[in-house]
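Both complexes below contain subunit A, partnered by subunit B and then by subunit C.
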Partner chain A sequence: MKFIDWLDERLAVKELVKVTLTEYYVPKNINFLWSFGVLVMLVFAILVVSGIFLLMYYKPDAHLAFDSVNKTIMMDVEYGWLFRHTHAVGASIMFLVLFIHMARGIYYGSFKAPREIVWITGYILFVLMSATAFTGYLLPWGQMSYWAAQTITTLFEKIPFIGPDLVIWIRGNYIVEDATLTRFFALHVVFLPLLLIVFTAIHLYAVRIPGSNNEDGEHYTKEEKKHGKGIPFWPVFMAKEFFVMSIFLTFFFYLVFYQYKFAMDPINFQPADYLQTPMHIYPEWYFLAFYEVLRGFFFSQNLGLIAFVLSMFIAAFLPWLDTSPIVSGKHRPIYKVLFWIFIADFVFLTILGKLPPTGLYAWLGFVGSLIYFAFFLALPIVSRIEKKKVAGGR
Partner chain B sequence: MIIFIENLAGGKVMADEKMSRRDFLLYAMGGWATVGVGGVLYGMYKTWEPLPEVKAQATVSFDISTVQPGELKVVSWRGKPVFVLRKTSDMVQCKDRSVENEYTVVMGICTHLGCIPNWEADKKIWHCPCHGGDYDACGKNIFGPPPRPLDVPPFKIQGTTIVLGEEGPEYKQMKEKGLTT
Partner chain C sequence: MKELKILAILVVIVLIGYWGIEPYAHSVMHGEVKKSDYAYSDLKVSAPTGGDATKGKELFMANCASCHGVKNDGINPGMDKNAAITSFNVVPPDLSNTAAILDHKFLVAFIKNPQEATKNPKFAMPPMAQLSDEDVANIIAYLSSVAKKDLTGKEIVVEACGRCHSVKYQKIEAETPKDNLKAYLGKIPPDLSVMGKAKELEYLESFINNPQNGLPGTSMPRLGLTKEATEKTVAYLDQIADPHRDQRNKLGVWVLGYLLFMAGLTFAWKKKIWKNIH
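Let's turn to the complex of A and B:
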């Protein structure tokens, strides 16, 4: 008796492989943008592995953290620099592939019925990944780490009634201190990755029920995909995916070995000093757009804060903002224009986020923030126009 | 068991009493579980509170006569910077926000998002590097996103010494006028 048969009798592995891989079909009319989901998984794996190796020398203590990273790991541990650079570049690239993965979903209407759960779990994953990046950024205990944590935790102060106490509770001190570092460490290393894995499992399960979307937003049954409209996930889809992965890894390790500096802010090589804010503080590039929305409403702190929270979560409600019967942006002329304005605006906000918030920049930030929200608010209107058009055409 | 046997005899009564017994057990267990979960959550909540050594951070005394006219000194209190500026006559005057008529004593924490503003001696303002807010020599917000002046920490004057963390009569006066936050 072969081992696989022995295992199959006990765990039904053959059926599992069929359902999840060999008889799970991906539509044929997709393009390379559909390879980014697997790329996200790949980067996550890289982050977990490099993270485990950093964990072996990192010390989560306000007195030891900075040196354990910048001396022990960077100078003493053989190849320690490789794992740190891989982890830092990995975190950055994670958001690049995530943004592309999400933008593909937005453009081709992958959030629409019956894929709402896929979109929602995916969005929760994005929020969890942001929290993981934020807590992880404090760990090297440099100036930028420290002041990013100080600024973001201060945001909670504005919550009515409980705000000021909540901030002290989150920090475990009146300021960001040792207690904050150790709890962020626990969240970054155990709790958040655990949640990420759980939600990834739900996300992957959820996408296997309706199946992947496609360029035309067409609905195919499993039978249609089996006979001509699709290809099996394994081995056919993954065979192409391996090619994309190898190209991606070449690019990724080029960054790790030659361009890692973009992920290593020079200010963060000064130890955290709670009495001196650096001249300019800014988040990592992947948070700049949201950060610029926060600053965009420069005339009212409360408005800025509400806008910031809204900007981070509004996209989660896409399935209910965009109710157009036409799924794919490929067949929606107005939506296509709005989408590209939104992408351009996101890039614009990202660039502005790094510039000083004065004079003209402050106003540009305001306008950019308004355009950001205008995209989402225009969707119900576009949906109505398209509904009429579809009804009239039939 | 007794209830069960009794109920075997009489139709509808049996069903009702069986249900109520089951409901009772469910509520009892549910209630007990709620207490348990509540207790665990409370315990978790309490672990994140500041440690006693943090809470016990006492008051800080500082001799303000050591500050030269026009000079700014930064005192650390509860891990936060307190600005002590001895003003000169060419700086903005504000009788009711000054300590001993010539000192500005304010928390060095931007009221916008908690960054530490830098003193720009040539312009005689505090400028926040994070989001561009400005404060005058009295600590009043004069430009940018800060919603209010720099906070005045609780203080008490003892001769030429200022005690931070205790509310003296001068501080209480300021507080009554709503000038401390």
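Let's turn to the complex of A and C:
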């Protein structure tokens, strides 16, 4: 008896391979943007592996953290610098890949029925990943680590009634200090990665029920995909995916070796000092757009805070904001225009987020924030227009 | 073709974003780095000429040796280290190699009026107004005669920065105790171990030349280093902050080469698998 048969009797591996790979079909009319889901998984794997190696030398203690990162890991451990560069660049690129993955979903309508659960679990993954990145950023205990954590945790103060107590509860002290570092460490290396894995599993399971969306937003049955409309996940889809991965990894490691500064801010090579506030405090680039929405309502802190929270979560409600019967943006001329305005606005907000919020920049931030929300608020209207058009066409 | 178009759009968006958050944001936040002035043109003195080292040594013994030593010439300071720290909150430097790393015109101005030359009104050394131009030239001639030539970057950092700054990853401890430094300068000067990463090298060079260039109002005194000494200092700080640069650059080539090779292989496989699909 062959080993594979022996295993099959016990674990039904042949059926498993069929269901998940060789007889799982993805539509043929997709482009390489559909590769980004697998790329997210790849970057996650890179982060886990590099993270485990960093964990072997990192010291979660306010007195030791900075030196364990910048001396032990960066200078003393063989190739320690490689793992840190990979982890730092990996965290940054994770968000680039995530944003592209999400933007593809928004453009081609992948959030629409029957894929709402796919979208929601994906959105939860985005939020969890943001929390992972935020807690991880404190760990090197540099100036920007410290002040970003200090600034963002202060935001919770504005929550009615429980705010001030909540801030102390989160920090474990009146200011960000050792207790904050150790708890962020616990969240970053255990709790959040566990949740990420659980939700990734649900996300992947969920996408397999309706199957992947496609450029035209058409619905294909399994039979249709088997006979002409689709390609098997293995080996056909993955054959292309491996090529995309190779190109992506070339880009990724180019950044790791030669262009890593964007992910390792120079100011973070100064140790955290609670007596000295840096002149400019800004989050990592992937939070800049949301941060700019917070600052955009410069005339009212409370309004800014509400807008900030809303900006981070409003996209989760896309399936209920956009109820148009036409799925793919490819066949929705008005939506297409709105989409590109939204993308341009997001880039615009990201750039503004790092600039000093004064004079003209403050007003531009306000306008940018309004456009950000206008996109979401316009969706029900566009949906109504398109519903009428579809009904009239019949 | 369509996929290349999509890729081109992605690349353009990413590049615009990158330009905005890196080069553009930095130019707005930090502005232009001020140019270094190694002629110290704000100081209204002229560089010393001539000078007699023997006379200089006599003058040194009479005017400087109560606080400063010259180890190269076997001269110990009259005041021991602890007494100096108690009176000045900072250790007076040994002047063995000073003339090799400091600009001589700056030295003239410094000896006559340290507060003005360093741009630090609380600078510990009192002005030596009693010395004539000739006296000063003689002292500088003496210091030049004992100074070691061709100091390394590390030696310069120890000489020029080591009284106040530690470089703990290189096991260099600031000569003056932290509490005294805090009393003298208002804060403990930062450790220099990874300063080469925390600041742009161009900024560091301009800052060392004149700290007021980078941090107006800072209590760090202007040191008056020559161009050569400044450049060696910056090169040293850069090198200790990034000791694995060569290894990184070399390994990078191999990794990228390997990945491009993989891209070739995977492309060939994709072609083969997709031959009959379309």
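Note that in this section the second predicted complex is superposed on the first by the 394 of 394 C-alpha atoms of A that agree within 3 Å, B and C clash if a C-alpha of one lies under 4 Å from a C-alpha of the other, contacts with A are read in each partner's own complex, and residues count from 1 in each chain.
As a working rule, contacts are C-beta pairs under 8 Å (C-beta built on N, C-alpha and C of every residue); 3 or more make two chains touch, one makes a residue touch a chain.
Values in this document were obtained by computation on a predicted structure and should not be read as measured data.
Superposition note: with subunit A as the common reference, subunit B and subunit C can be accommodated side by side. For subunit A, the partner touching the most residues, choosing from subunit B and subunit C, is C. Once the two structures are overlaid on chain A, subunit A sits at the apex of an angle of 70° toward subunit B and subunit C, using CA centres and rounding to a multiple of 10.
In the superposed model, A:301 makes contact with subunit B only, not with subunit C. In the superposition on chain A, A:183 makes contact with subunit B only, not with subunit C. Once the two complexes are laid over each other on the shared chain, residue contacts for A:154 go to subunit B alone; subunit C is not touched. When the two complexes are overlaid on their common chain A, residue A:278 makes contact with subunit B while staying clear of subunit C.
When the two complexes are overlaid on their common chain A, residue A:356 makes contact with subunit B and with subunit C alike.
After overlaying the two complexes on the shared chain, residue contacts for A:384 are found with neither subunit B nor subunit C. Of the two partner chains placed by superposition, only subunit C is touched by A:254; subunit B is not. When the two structures are aligned on the shared chain, A:170 is found in touch with subunit B, with no touch to subunit C.
Looking at the shared chain after the overlay, A:222 reaches neither subunit B nor subunit C.
Once both structures are overlaid on their shared chain A, subunit B and subunit C have a minimum Cα-Cα separation of 10 Å. Residue overlap on subunit A between its contacts with subunit B in one complex and with subunit C in the other: 276, 279-280, 356.
Across the interface of their complex, subunit A is touched by residues 2-3, 6-7, 10, 13-14, 16-18, 20-22, 24-25, 28-29, 169, 187, 190-191, 193-195, 197-200, 241, 243-244, 248-249, 251-252, 255-256, 259-260, 262-263, 265-267, 269-270, 272-274, 277 of subunit C.
Contact residues of subunit A toward subunit C in the complex are 28, 31-33, 70-71, 74-75, 81-82, 85, 96, 100, 231, 235-236, 239-240, 242-243, 245-247, 249-250, 253-254, 256-258, 261-262, 266-267, 269-271, 276, 279-280, 285, 288, 343, 347, 350-351, 353-356. Those residues of subunit B that touch subunit A in the complex are listed here as 45, 48-51, 54, 57, 74, 76, 78-81, 108, 112-118, 128-132, 144-147.
Within the complex, the subunit A residues that touch subunit B are 147, 150-151, 154-155, 157, 168-175, 177, 179, 183, 274-281, 295, 298-299, 301-302, 304, 356-358, 362.
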